[in-house]
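These are the structures in question, set out in turn.
Consider the two complexes below, in which subunit A is the common component and subunit B and subunit C are the respective partners.
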Partner chain A sequence: MRAIWEIGRLQLLENLRRQVHLVTIFMAFLMLALPAYVNTFSMGLQAFEVAAKDFGLTLLSYYGVAMALMLGSSVVPRDIERKTIYPLLARPVARVSYLAGQFLGTSILLVGSMFLLATALALGIAGLSSFDATIYAAALGYSLECTVLVAACLCFSTLASPPLAGVMGFFLYVVGGLSTAFTQFFLREDRDNDTLANLVDGSKNFLPNFQVFRLKYPVVHNIPIDPAYHGYEFIYAMGWVALFLMLAGIRFEKRDL
Partner chain B sequence: MAGELAIRLQQLTKTYRTSRGAVEALRGLDLEVRAGEIFGYIGVNGAGKSTSIKILLGLSQATSGQAEVFGEPAGTLAARNMIGYLPEVATYHEFMSVEELLRVHARLAGVTGKQVEERCRLALESVKLEDRRRSRISELSKGLKQRFGVAQALVGDPPLLILDELTSGLDPFAQRDLRDILVGLRERNITVFFSSHYMTEVESVCDRAAIIHGGKLQVCGTIPELTQNREKVEVVLHVPPEALEKLPELEAFRDEAGDLRRASLSRDEADAYVAKCLALGCSVRRLNTVHHSLEDVFYQVTRATGAQA
Partner chain C sequence: MRICLVLFCLLPWLAWAQTPTPEPGSEKEQAVRKIIGSQEDDEAVPSAKDMSKPAVFGIMIASQQRERLGTQIIVIKRASLMPWIFSLLLLPVYLHIARRRGFRIKAKTP
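Right after this comes the complex of A and B.
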């Protein structure tokens, strides 16, 4: 456990050195200014809050996914390429612990970034209306979505190059996030393509369902969320993370470095 | 630990699959390194040094054969717990300070609690880097980075140090500093296994050395064993014509004017041969032993093996 923490800390510091956090801070300023910008188009209507939350959370989601794909697919290959992995794995550290450490370091940075952006958005809205803490519920969902994506990309990067691992992660995100309504209306009814619809529905059974983490709609429309739901989505996310890390560990264990 | 084997490689093979087919990096490598000795590991680029080191560390898997570290199968956590390693191309997290990164390595090596600070202090003392403890790794010169590399290898207090190309690319002063550090480790009974391209360095600090070529062990022994066994005795003889008739093979040694013949003989055959010549009426004009350095031995061994290949 200590090895995981130490490697996670190294990874976190490495990402900070790469100034990943500066991108987040830039985004945070954007989030802070966003409600005021949206408000200028609201023409006196109170719908600005809904629009600002909707727009802000969408931005938050895309930012998280982009960072998760980018960081998750590159952390391990970069360590191998720079050979910083050698002194670490020459220690009595299991390779799966190394992967878990890399996951932890990347995830801490991402989750921290998501909550910083959520705070910026909440403060931006509070400046014109009132502080809305439910934004954090959506941020938690997106954070968990990012952790699953990081674990998946990390797993893919043990068997593919970083760009390919990123593409595979993106594919996972797209297919795993497709709603049933999409396959029903667009594939079955509109396009009359049952084969593709069945393929998508079938593959979704083996992929993480990212819809679970998307709480934008209830948050934007002030629909109450059962607090227990966050516990379930957390367990669901950690289950997938554990599976991806286990698969990555199996693949990485015998790999020649 | 005396008499115990720190490293044991038995019929170790490693084949890499590449786009151009299979490449045999190791072809049945056998090697034994005793506990407490400083062992030099020599070979040309591509001889298989780094591959065998990676197998010892579990960074690479052997195709067949056995590798053990103090009796533990190489690559296992128990084996790695006994190794401190300095990679050939040592890249560290350069944004961290010497002290910070050393602490990380100490914890990864399993050092706990207050021992972390103590081990870091001792490791820095061993490599004389105490005054740079707060410097960032990026601020260190190449020589100081190598010293830090030795410190990080030492911080877990391992009984075996594996140093891959320790002094490669360093200036003579930095090389000497690191050699002094190695000699200091001998007093602490730490086994040092280090690969090098610098023969004089191996000659000056190692108890034993091995030359590996083409993925196989070519020679192994103490430095005197490696060099003296290959010494030649050069003898210049005056050979009268009647002696030449009785000993026609002396003709082959003709490379001097007149009746002089120059022969280069191994130590074992020199005495008998000279006695035989004297009995035939020859006289010795000059006799001297030609000493071979480790470098000469290295050239002989690698060229001979290269020619066979």
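Right after this comes the complex of A and C.
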């Protein structure tokens, strides 16, 4: 456990050295100014809060996914390329611990970034109306979505090159988050493509369902969320993280490094 | 040049793939009323191909909004089992492979 924590800390420092946090700070300023910008164009309508929350949370989601794909798919190959992995593997550390440490470091950075952006958005809205703490509920969902994506990309990067791992991660995100309405109305009804619709429905059973983590709609429209929901979505996300790390561990153990 | 060629091939296909948008007007209003009425009676099954019923897209949006409200906790609970069970099943496989690697390293060491 100590090894995982130490590797995670090193990975976090490495990401900070790569100045990944500067993108987050830039985005935070954007989030802070977003409600005022939306308010300017709301022409006196009171719906600016809904529009600002919707727009802000969408930005938060896209930012998280982009960062998760970029960081998750490049962590292990980068260490191999720079040969910084060898001193670590020479120590009595299980390879799955190494992967878990890399995952932990990347996830801490991502979750921290998401909550920083959520705070910026909440403060931006608080400046014009009132502080809305439910934004953190959506941020938690998106953070869990990102951790699952990081674990998946980490797993894919042990099999393929970083760009291919990123593409595979993106495919997972798209198919895993596809709504049933889309497959029903566009693929099955409109395009008459039952084969593709069945393929999508079938593959969704074996992929993580990212819709579990998307709480933007209830947050934007002030629909109450059961507090137990967050516990269950956490268990669900950690299940997928454990599975992806286990698969990555099996593959990584077989690699001749 | 290649981009132009790709666009030349792709654009007609994209134009062909687009379905025509129904014209707004009194017909649309009638179709909306008709589909709302039939929906209440539970008679018509909505179909995206039926262009005389543009309100079907309203139904699609409504069904998507229902999805957006969130997944039921019981569904998440059931869905959580699969990854955890598979991880536990894979644990002995991982441990076996890790042990074999240990033996391989020992055999290589002079």
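By definition in this document, the second predicted complex is superposed on the first by the 257 of 257 C-alpha atoms of A that agree within 3 Å, B and C clash if a C-alpha of one lies under 4 Å from a C-alpha of the other, contacts with A are read in each partner's own complex, and residues count from 1 in each chain.
By definition in this document, a residue touches a chain if its C-beta (ideal position, glycine included) is under 8 Å from a C-beta of that chain, and two chains touch if they have at least 3 such contacts.
Since this is a predicted model, take the numbers as computed values, not measurements.
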Checklist entry - With the two structures laid over each other on chain A, which partner does A:F115 touch: subunit B (first), subunit C (second), both, or neither? => result neither
Next on the checklist: One more residue to check, A:A90. First (subunit B), second (subunit C), both or neither?
Outcome noted: first
Checklist entry - If you stack the two complexes on chain A, which partner ends up touching A:F171: first (subunit B), second (subunit C), both, or neither? => result neither
Checklist entry - First (subunit B), second (subunit C), both or neither: which does A:K254 touch? => result both
Checklist entry - After superposition on the shared chain, which partner residues are touched by A:E14: those of subunit B (first), subunit C (second), both, or neither? => result first
Next on the checklist: For A:R2, using the defined touch cut-off, is the partner it touches subunit B, subunit C, both, or neither? Pick first, second, both or neither.
Outcome noted: first
Checklist entry - Of subunit B and subunit C, which one contacts the greater number of residues in subunit A? => result C
Next on the checklist: After the superposition on A, what does A:W240 contact: first (subunit B), second (subunit C), both or neither?
Outcome noted: second
Checklist entry - Can A:F55 be said to touch subunit B (first), subunit C (second), both, or neither? => result neither
Checklist outcome for this item: The intersection of the subunit A residues contacting subunit B with those contacting subunit C is 94, 254
Item to check | Contact set on subunit B toward subunit A in their complex | outcome: 16, 54, 57-61, 77-78, 80-81, 83, 85-87, 89-93, 95-96, 104-105, 107-110, 149, 152, 156, 162
Next on the checklist: Give the list of subunit A residues in touch with subunit B in this complex.
Outcome noted: 2-3, 6-7, 9-10, 13-14, 17, 82-84, 86-94, 254, 256-257
Checklist entry - What does subunit C use to touch subunit A in their complex? => result 19, 46-49, 56, 60, 63-65, 67-71, 73, 76-77, 79-84, 86-87, 90-91, 93-94, 97-98, 101
Checklist entry - Within the complex, which stretch of subunit A touches subunit C? => result 94-96, 179-182, 184-186, 189-190, 192, 208-209, 211-212, 214-218, 223, 225-226, 228-229, 232-233, 235-236, 239-240, 242-243, 246-247, 249-250, 253-254
